[in-house]
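Structures follow.
Two complexes follow with chain A in common, the first pairing it with chain B and the second with chain C.
And now, the complex of A and B:
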């Protein structure tokens, strides 16, 4: 097939060893004429050094307020194929596991009804089917649900929760991240598909402190695996590692709490002082394993810069017994989320993430409202200034204030 | 929206149950993995308590892929893994095998497709990136193009583990930062440098005035009237060019090909290992958009990577290395100029000043 547009700038990006997205767009163009026009428009962007997509545009399927990102070209006459070029977000399975059969079913739909271009995966976790016309949305949606795939989140709603590979293929997993991710997503379908929040809300589940989902940086609610008991040590394997590397230099001296030492009696760990950072286990995976009493630390509030600056998540619940709660359909966790959302709904303003709200109203007030006790695990240190808003005092007559 | 009245529709089925996509060895050993071993930068083995093994072969992808690409992966999976594969959180593909003898032929077939094998261990991991000019209306730069140019140049660091520790690079095409760009070893961030140009007629017709005002982090957008109707005005000297107002209001376009470009940030991480998770810090405030291959961005990233490779101790992430040697030395050896832009003057920013006499002389 001859190319509709000359794309000398994009052609430069077909060179080099890393697989080229330009080549992928060209391959997709064999299936869809829309994709040719995408090449033309992006080439123009490369020439002019600016994008050519119109601002927003509300499109969707009946009964849903999200899951589709509307996208329209601002040069529709020149590039009619991308006049409408929406994205369908498809909720990925936990842990991004697939079979070839199911992937072919998904791309069969996109190749027939859309541009044959995909993101595996979007930043939040969804499969993204790019280049969909409004008229095709319902067909694609109903074909997807017919084999058990649904839309993801978009807009001011619960965004598609995601998790790491968890217990499926990682010995570091301290709780079943894939299971809670699946269950919570199922439990909150309404909050995902029908945006009623002030702004977006994200869950991410990581099985250990290595945090492969980057939950601490980008999930309003970050669930990060930890354990209560002792690191399991295979002293013979520790000795094997000691033959190959300087354990003091690369393991024990790197421990943030200096809770371990290595000597003639082997590796000693003061587990009561271990902050579960994962370093020693990362370096010696054959010798060390997390304890058996696994669970998670729940942290709250991280986000990208908009509006009031970037934030990391902070400790809210030092230890959450995930396995115990799983027996009850994660009811404790769902209740906690319910309380957080209720407070956010009551006091948050438009486009205010929950972390920003807490910053504005004060963390103490927030904890009181959702019924959690202040704990020293929540802070790096107690406050260093004396501007305390005391609430309890005594009147002259001895009455308590 | 098409008329679907009277048709029987299915909704809210939620995500597909992951159990249907798990390799039998994974199903049998779920939660019972004992240890793993990295066998090469492109493959590793996980061994279960029962002694079962699952091999993972990792392949880089450009993330934006065609149906053909996915079908290629499926064909390989059918041939070598019984059809089982997964993706990583950083856009890699992982083939899951229980037969060790299939690893080499699978890798050979992957090489025939010109796909990179690597990404495990102390490598430059696949770049997490956003949509850019391919699909986003607020992009100040292109994402796929910069990513491709960078990975072409850093290819040897993906296929071979020769760095002191893992290096995670991320790209975001505007301050909305889809993805965890702000906590990466090296982050490239699309930026604007001029205030939005207000289009009063559009603002009246298409924008919600209160949410437009609320979108501004510095209160630079104030209520106003235009032709007797509610509108907004902009205090230009207070604008920090974030573009959030354009996200909520199409009457505030901010794209400016003359001044848009990227900034480069270093030393962030999300892992809790050793040191706490941290933000990436500003290294280079501005580099122009220079498509198609952004050579100055590639050069700056290479400069950081080379300095890190030469200076860091084994196991140190970029941020840990800089903390050890100090920021003055970082700017000295990279040659990047330290300017007033590097001093944080936003909310809580003064916490980043040096309140001590601990100065390397």
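And now, the complex of A and C:
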């Protein structure tokens, strides 16, 4: 094993029972001098409790403004291998499906032209090829394109839309998350590759309330599966579960809206009060299934804590009939996005996410601008109060409405 | 938009960035707003300006950079 640098602090991180990123970097360092220098710099960062990366700059491939995250060492003389250590974001397929053949082709590129390190996947969803020198960017890009891949988003652009495995592998999916994700990715290629926004914009599509893409916290526009009708119950299977566990303790008492009970007549659910949180279905997947009238709730405005603190998405469209819109190429959804972007473009300021803009100008003004009627279901958090305020209004005779 | 107007628009974008080199970083959105004002009489739309920016970056006359946000610049 390569030991160009002594790394006592990093070595500590190999001792746990879980796989260690240090072990993987050391493996990569056996065939890459660049990665050896990475170990040296990271050790120094741990020792000094200070990062030694600079990011940004003028790195990219011709014609694209996104997809490459410039990364430079601020100790280039000491660690020349990581003087330039850029990240290439590669647009992942919907649902993260790959053949072993395509994975080999991608990692062969990394072995030849980069540090041999990857993130599968970055928090945006892309494959991240780490440790690329500026001079290698165009070569890698052309090779990826020859395999049918493209770069993802970065900078003030649409970030790579991502989705859960959806109907391909999950019985809980209430709509085809993979299809809409693919469609939207194709429809907004320009917005992804050529930054034109005030700041980043993210879509994430989750097939159910389990929200495997964490879209409610990480996407400016979250599309989360839900259903309109009743939870499907197999009472025989409920009884089977009841033999193995305390249903009151693990299911009914955990219901956030207390809309269910279990007794001699079986499991009863007051579906009109169900918030589709998925807890009971997760605990008894063989007994309970989401309803058959599936669709999604569209939420808007979440972000990580940068300018004004973290935010969760708020409900914008309580029920979106995804399957119906799919027949028309998701045109209704695309038009809605267009209106949101137009408003953001017109009134947003630099580095202001769309959720922050809505907070600043008020939800009423925003809804009016994008042409949506305020609804009681537009809540800032599930089962919370709507923040669209209604005033009792009595029309006086002769008054103009 | 005629070819002549498109050429004028592209030239105006490049000149704007050239004029402010090392003084101001223009976000693509800033350029769209500047050009909308400058070419308001010519009936040029936002989409026309976005296409002009795309053509300029595709041809390599302008490149993107990043410093807390994306901006357009002349190639180094």
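We adopt the following convention: the second predicted complex is superposed on the first by the 376 of 401 C-alpha atoms of A that agree within 3 Å, B and C clash if a C-alpha of one lies under 4 Å from a C-alpha of the other, contacts with A are read in each partner's own complex, and residues count from 1 in each chain.
The definition used in the following text is that contacts are C-beta pairs under 8 Å (C-beta built on N, C-alpha and C of every residue); 3 or more make two chains touch, one makes a residue touch a chain.
Keep in mind the model is a prediction, meaning the values are calculated, not measured.
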- prompt: Now for A:65: first (chain B), second (chain C), both, or neither, which partner does it touch?
  reply: second
Practice problem: For A:350, select first, second, both or neither according to whether it touches chain B, chain C, the two together, or no partner. | Solution: both
- Based on the superposed arrangement, let me know which partner A:157 touches: chain B (first), chain C (second), both, or neither? second
For A:310, decide between first (touching chain B), second (touching chain C), both and neither.
-> first
Just chain B (first), just chain C (second), both, or neither: which does A:190 touch? both
Task = Could you say whether A:199 touches chain B, chain C, both of them, or neither, answering first, second, both or neither?
result = second
The answer to whether chain B or chain C touches more of chain A is B
Practice task
Have a look at where A:110 lands relative to chain B and chain C in the superposition and call it first, second, both or neither.
Solution key: first
After lining up the shared chain so the two structures overlap, which partner does A:76 touch, if you call chain B first and chain C second: first, second, both or neither? neither
Output check: A:291 vs chain B and chain C. Expected answer is one of first, second, both, neither. What do you get? neither
Chain A residues where the chain B and chain C footprints coincide 55-56, 60, 62-64, 190, 350-351
As the complex stands, chain A meets chain C at residues 55-58, 60, 62-66, 70, 154-157, 190, 194-199, 345, 350-351
In the complex, the residues of chain C that touch chain A are 27-29, 32, 50, 53-54, 57-58, 60, 63-70, 73, 76
Listed in rising order, the residues of chain B that touch chain A in the complex are 1-2, 4, 9-18, 20-22, 26, 30-31, 33-37, 46, 54, 56, 60-71, 73-75, 77-78, 83-89, 91, 93, 96, 114-116, 128, 130-139, 142, 144-145, 148-149, 151-153, 155, 158, 172, 175-183, 210-211, 214-217, 242, 244, 246-248, 250, 253, 255-257, 260, 268, 270-275, 277-279, 289, 291-293, 314-315, 346-348
